[in-house]
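Just below sit the structures, each encoded as C-alpha cells.
You will see chain A twice below: alongside chain B first, and alongside chain C after that.
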Partner chain A sequence: MNEQPVIQTRSLTKYFGAKPVVHDLNLEVPRGSVFAFLGRNGSGKTTTIRMLLGLLEPTRGEGSILGYDIRALPPEARARIGYLTEEHQLYGWMSVKECGGFQSQFYPRWNEKIFRGVIGHFSLKPTARVKDLSRGERAGLCLGLTLAPEPELLILDDPAMGLDPVARRSLVESMIYLTRRSDRTIFFSSHQLADVERVADYIAVLDHSVLRACCPVEAFRSSVKEVRLRFSGAPPALPKIPGLLQAFRAERELRVTCVHYSRATEQVLQALAPLQMEMAPISLEDAFISYLGERGEKSFILSETEVQP
Partner chain B sequence: MTINLNINTGSNTPIYKQITDQVRMAVASGRLAVDDQLPSIRALAERLVINPNTVARAYADLAREGLIESRAGRGVFVTRKRKMFTREEGWRRLEPLMDAVIGEAMVLDFTPQELREAIEKKLGQWKPQKGGSRNDE
Partner chain C sequence: MKALIQKELRENLKLAVLGLIVFTVLVMLSWRDYTGMMKDVLLGLRSLEGYRLQPVESGLILVGTAWLCVIFGAVLGWMQIFNERHRDLWAFLVHRPVSRTQIFFGKVIAGLGIYIVAAGLPLVCFIAWAGIPGHVAAPFQWAMTLQIAWLFLAGIAFYFAGMLTGLRQARWYASRALGLGLAFMILLVNVVPNWRSWQILVVMLIGIAILATAVWGGFHSDGHYKGQPMLGKLGLTASITVGAGLVAFFVAFLAFALLDNFLPNLFNSDNQRWSAHMMTKDGTIYKEIQGGHRPPEFVDLDGKPFIDVKTGRMIDLEEFNRRACNKTTSIPIDCGKQSLKRRNPPTFFTFYQATPDTIWCYWNRYGRLVGYDIATRRFIGSVGPNGFANDLSGGGDRFNTPDQDRYPSVPSRTLRTATAIYRADLQNRAIRTLFTTEKDETILGATDIFLNDNDWDYTVVVTKRFVRLLTPDGKVVWKTPYEPAHPDYNRIQISFLEAPGQSALWFAPSHSANRKADWKLPTRVTWLARDQGVVKSTDLPGLNLPRSKFPHGIAMKISSLLPPAFWAAVYLDLDLNVDEIWPAYWWILPLISLAVAALVWVPAGWWLGRRYSLTLQAQLGWAVFHLLCGIPGLLAFLSVQEWPARESCPNCKKLRVVDREHCEHCGADFAPPEKNGTEIFEPLAAVK
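Presenting the complex of A and B:
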C-alpha cells in the first residue's frame, strides 16, 4: 500500500495517573478498508478512539487521521469524519425528523436521502419522539445522523452494543451498503465476532492496553491453529511448545492451540510420537478467544508481512 | 438453473471457502450447468450480508480453478468443466481427508465393516452425471 493510511499512530500512549491505558500503539488503517478494532472491555479501545479524534490528549506518541495531526484537527478534517459514540447522545424532546433537521445545520454536505434511507431501514417513524425510542431505534437514528453527512471516514465505537439481532443485522447491512464507495473507510470497535467476520477486511486486537494483532482477518485466523494428537494411552507431559496458546488433555487425546505454527512447532509435536496428528480448522471466534486467553504466551504481534499463503 | 448459497458465521470454515465449496459442489452435482450465471459480486455480498471483498476472493479462487469466468459486461458464468488435477494430485488431496474420516471412526469405536457400509450407503445417494463428468476433452 503506497497510499497514506487514513489512520496512523506511532507509539501512541495514554496514562490515567500511573496506569497505562493505551501503551505504545502502532496502528495503520488503509483507505477504503473496513477495519475492526477488537479487545476485551477495558483494553483501551474507546480511549484510543477518543485520542484519534482529538478529544483526549495523548501522554506521548503521535497520530494522524486523514493526514492531519490528531493534536490539531481543523474543523474541515472533522467535517470529513463521522463518529458514533457508545452513548447515542440525543435530545429526548426532539422527534426523529427534528434530529435530522438540527444535525443537518452543522454539515454543508448533508444528504437527506441517506438519512431517510437509514431511518427507514431501522423502521423509524419520522414523527416519533427520541425519548420513546428503544435502544436499537436510537442506534439507527444515530447511525443515520452519522452517515448523512457522507463522511470519508466512519468511526463507530461499539455500534452493536445492546442491539437485538434484527437491529444488528440492519447495522451490518448499512455498513456493507457504505462499501459501495471504495474510498470510504470504516473503523469500528466490536465484541461481535460474527459481525466482524461478515464485514471486516482487517482487524486490530488490543489486549491490556497493548496492540497484539493488526492484519487482514484471514491472516489472523490462519495464524492460529489447533492441532489434535491422538495417543494409544494417556498423552505424554507437555513439552515447551513455541507459540502455545492453549492445551487440553483428554483420555487419549491432546489438543494444542498455537500461533505462528511452524516447522519447529511441528517437530516438537511429532517428537511426542502420537498415533495420529491432524490440524483442525478453527473459527474466528475461537481463534480470538485462544489468542486473548490468560494461559498463552503474550509476545506475539501479527502483521501483514506474516500472512500465510 | 440458479444456486442458493448460504453462509454461516462462527464456522470453522471461512466464509469465502463456504462459497467456493458450495459452488464446486453445485457444479459437481450438476445443479449448476455450464453457462449458468452466478450473481454479481455486489449482489451476492448484499444478499449474504458480507463484505464484497470476501465474495471477490471466492470468485477469484473459482476463476483460477477454471470453474467460472467473468464475461465483460455480462456477468459471471460457469465455464466448461475441466479436469483440474492429475490422478496423482487427486489422490494426494483425497488421502488426508480419508485419513481424517478413518481416524475419527476408529476413535468413535466404529468397526471397519460399519465404516465400509456407511460409505457404500453414502455413495448410493450420490448420483454422478452420466458419462463421467471429470473431463470434456
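Presenting the complex of A and C:
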C-alpha cells in the first residue's frame, strides 16, 4: 500500500481581509483512514476543505491531495475525490433520478447500485424534485451522488449539519457501510462527537484557526484528563498547572481538566492538600468541549460564607 | 460537456421561452406597423412615410432589437452564473472531473444556443419575410440587415458582460458591473459614422473576445483576479479599464458641466467668441458675434453696431431673425460620391416619389429609379436616363446619386448624370432632359429649390465653370462663372431675397484650403437679378471661427484627461482626418494626456504597487499600463487587485504583506503560531 499521505499541507494559511482564518496548517492525512476534522464554528474547517479542493486560493503555504498540488487540481484528481458540501445544495428543479443521471455522465466509474442503495436507504423516490426534499433527504441524495463514483478519497464537510438524529444516524450508517474499504480515505468535518467516536481513526482539532491537535482518537481521549479534588472548605487558589484546560470550582470541590497529565501535574495538585483526589472518566465529547471551551478557571461558589462548615 | 450543456439548456428554458416570446412580439409589431401603413396608403387614408418603407431598416425594429438584445444578453449571461450563486452549488458544479475551460464552454455553448434561438430565430424569420418578393414594396439587399446583425452581435457582448458581472468577486461591489462598459462601447461601434462593415465587425469581435477571455479566466479562479491564467487577467483588466474609463468620463463630464454652469467664467472667456456672416431680406450683410455666454451682437461690415431704429439700441436676436433672409439653400458639391463611400449606416436606397399605384425609390446599387406596385408590393420596373425598363439594370444607364437626405421631407424633382439634368414623369414612366452641359463641362452638384412649401421653383446647377439657375421647364434664369474656382471653394449657398427675381450666391472656401491659408480666405458674395445677371460682388474677410481657438468647450478639457491609449486608437483610425477636426492643435491633446499619465497616474500606480508588494516585473508592467491607460487604468488596477493584509514582521518590525512566504523587507519566514501547552500531536500511520 502506498504510504504517502492522501492529504498533506505545509504552512497552509488563509486570510479573509486582515483576519487569518487558517493559520500555518501542517496536516497529514494517512491513506485508508477515517479522519475527523474538528473545531468550533468559524475555526476554519470549511475554509481548509475549500482550499484543499482548489475552491479557494490559499494566502500562502502549499498542499497536496492525492499527490496533486491543490492550486492546480486536474480533472483526473477530482474524479478520485468525492466531495459532500456543507449545506447539501443541489439543483432544485432536478428530480432525484435526473441528479443521478447528470452526475453519472461525468464519472466513468459511476456505480448505479451504490446510488440506488443510498437513495433507497433514505427512502427517496426517483421522481421527487430536489426542491421538495427535506434536509435529511437532500443530505442522503448528496451522499449517494458523492459515493456512487466510488471515490478514493471522500471529503465530507459537516455532513450531518442540520439533520435530525434519525437522518444523522442513517447518514453515518451509510458512510460506515458503504465506505469501509481499505484503500479509501474519509476526511470529514463534524460537530457530532458521538459520530466521530464511532467512525474516526484520527482527529485534528482547529482552535481559533490554529491546529492544536492531530492524533488518533484514543490518544486524544487519553491525553485529556479530569481530576476531582475535594476539600474541607472552599478550594484554595489554583497554582499554575502545565496543560491546564479548565478548572471548575463548586462548593468544596475543584475539578481540573488538563492535557498531558504527568507526575509533575499530580505533585502540583497534591500540594493543594485535598481531602480526596481522584481521576474521573471522560468521554470524547467532554474532552473535546474542555479542549475547545474557554480556558481558565470557573467558579460556582456564590460567597465564602456559604461554603463554611 | 454534453451533460453540462443539457443542464444549462434545461435550467434556462424559461428564460429562453420568455426571450422568444418578447422577440416574436417585437417582430410582429414591426410587421403590423409596416402592413398597417401599406393598407392605409392603399386605401388613401394616409400618405406614404419614406422612413418606414423598408421594415428591416425601420426605427422600430432597430431600436427594439438594440434594447432587447442588450437586456436579454446581459440577463441570460448573468442568470447562468446566478443560478449557481450559492457557494456550495458552485462547488458542486466545479468539483467534477472536467476542466474549468470545459465548464466555461458548456455554459457558453448552451447560453449562446439559447440566445440564437430566442433572439435570432424571430429576427431571421422577419428578415426572410422582408426579403421574399411581394412582402415589402421597397428595395431589399442582404447588406441592409447588417444593422440588425451588429445589434445581435452586441447582445453577445452583453451576454459575456452579464456573465462577468455575475462571476466577478470584487473588492468594490460596484466594480463588478464595469465589464458592461466594454459591451456598451461595442454597441456604440455600430454608430461610428465613418466606419465600414468590416471595421465594425473586426472591432466588435475583438471586444467580444476580450470579454469572453475575461469570463473564461474568471471560471479558473471562481471570479477572483488572483489565480487566473495570464490571458484571463489581461482580458479582465482590459474589460474593467474600458468600463472604468466610461465611468470616469461621465463623472468628469458631469463635474465640468456643473462647474461650467455655476462658474461660467472659469471655462469661458472673450476669446471664445466667434462670428458668422448673415444676410437680411434686402441683401445687406451683417456679422453676428456670439459665444462666451453673452447675447449675440450684430455689426455691419465696417464693425458698426446694427441699431434698431425703433429702440435706438443694438438689434436683438429675435428682431434680427425677423429681418434675416431665411430662404437660403446650400448646394452640395461632390457629396454624392463621398456619402456613398463613407456612411454608416450606408444608404441603400432613397424614397423618390409615390404615384397613386406605385412607390418609386432611387436604388444606389443600380443608379435607377425602381418602382413597386403598392397593391401587390412587387417590383414593376426601373427608370434610367434612357427611359423605362422592365428589369433592374435597364441598359446599364445610371443616374448619379441624389444629393439629399435618405428620407427627405420634400424629395428632389430632378435627377442627374455627369452631363445632364433630368425630370422624371413617373405617372407615365417617362424621363425628360431638362438641361445638358456645354462641351467639357461636368456637373458638380444640383439642387431643387422650393420657396413655398412643395412648389418647385428652381433648380441650381453647378458645373466646374458656371453656376446656373433653371426654371422647372429647363429655362436658364441666369448663369454666372464659378469664381473663386473649385476645388478651393466648394461651399456654395444661394439666398433668395425679398425683391422678386433677386438672389445672392455665396462662394465659401473649403475647410482644408482655408486652414492652409490660416483662415484668411475671403468669402465671395455675388448679387444677381433675373434678366440682368450679376449686379454686384464683394469679398468678405475671413471670420473668427470657433475651431481656431484652443482650448474651448468642456469636451476639449475632458479630452485632456483621456488616456494616451484613447488618442492612439483615434489616430489609428486612418480614415479619420484628425487634422481637420482639431486643426493646428491635434498634437497637444495626446501630449497633455501623456504628460498627465506620466506625472500623476504612473507615480500613483507605482506607489500603490509598492503597497501591494508587487514584484519589480509586475510593477514595470503596470507602470506601462498606467502610462497608456491613465486614470481608467489606475481605477482598473484598484478594482482587480485585492488589497493584501499586512502585519508586523517579528524580525525587521516593518509591515509586510501576508501573501508572501517570506518578508519582502528582510526575507524572514513567518513565525508559526505560538504554542499554549495544550497541543496534542502524535505521528499518524496509514491504516492497513
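By our rule, the second predicted complex is superposed on the first by the 290 of 309 C-alpha atoms of A that agree within 3 Å, B and C clash if a C-alpha of one lies under 4 Å from a C-alpha of the other, contacts with A are read in each partner's own complex, and residues count from 1 in each chain.
Everything that follows uses one rule, which is that a residue touches a chain if its C-beta (ideal position, glycine included) is under 8 Å from a C-beta of that chain, and two chains touch if they have at least 3 such contacts.
The structure displayed is predicted, hence computed values, not measured ones.
Asker: Looking at A:D24, would you say it contacts chain B, chain C, both, or neither? Reply first, second, both or neither.
Answerer: Touch partner of A:D24: chain C, not chain B.
Asker: Quick one: chain B or chain C, who's touching more of chain A?
Answerer: C
Asker: Which holds for A:T127: it touches chain B only (first), chain C only (second), both, or neither?
Answerer: In the superposition, A:T127 contacts neither chain B nor chain C.
Asker: Examine A:D201 and indicate which partner it touches, taking first as chain B and second as chain C; both and neither are also allowed.
Answerer: The answer is both, since A:D201 touches chain B and chain C.
Asker: Determine, under the contact definition given at the top, whether A:R78 touches first (chain B), second (chain C), both, or neither.
Answerer: second
Asker: Applying the document's definition of touch, where does A:N41 land relative to chain B and chain C: first, second, both, or neither?
Answerer: neither
Asker: Do chain B and chain C land on any of the same chain A residues, and which?
Answerer: 34, 201
Asker: Give the list of chain C residues in touch with chain A in this complex.
Answerer: Interface residues on the chain C side: 2-3, 7, 10-11, 86, 88-89, 91-92, 94-99, 221-222, 224, 226-227, 645-647, 658-661, 670, 672-673, 676-682, 684-688.
Asker: Would you pull the chain A residues touching chain C in the complex into a rising list?
Answerer: Going by the criterion above, the answer is residues 1, 3, 5, 11, 13, 15, 17-20, 23-24, 28-34, 50, 53, 55-57, 59-61, 71, 74-76, 78-79, 81, 83, 85-91, 93, 102-103, 105-107, 182, 201-202, 205, 210, 212-216, 219-220, 223-224, 242-243, 245, 259-260, 291, 295.
Asker: Quick one: in the complex, what on chain B touches chain A?
Answerer: Interface residues on chain B, with respect to chain A: 9-16, 42, 45-46, 49-53, 96, 99-100, 103, 107.
Asker: Across the complex, what residues on chain A touch chain B?
Answerer: It comes out as residues 34, 169, 172-173, 176-177, 179-180, 193-195, 197-201, 218, 221, 230, 252-253, 276, 278, 280-286.
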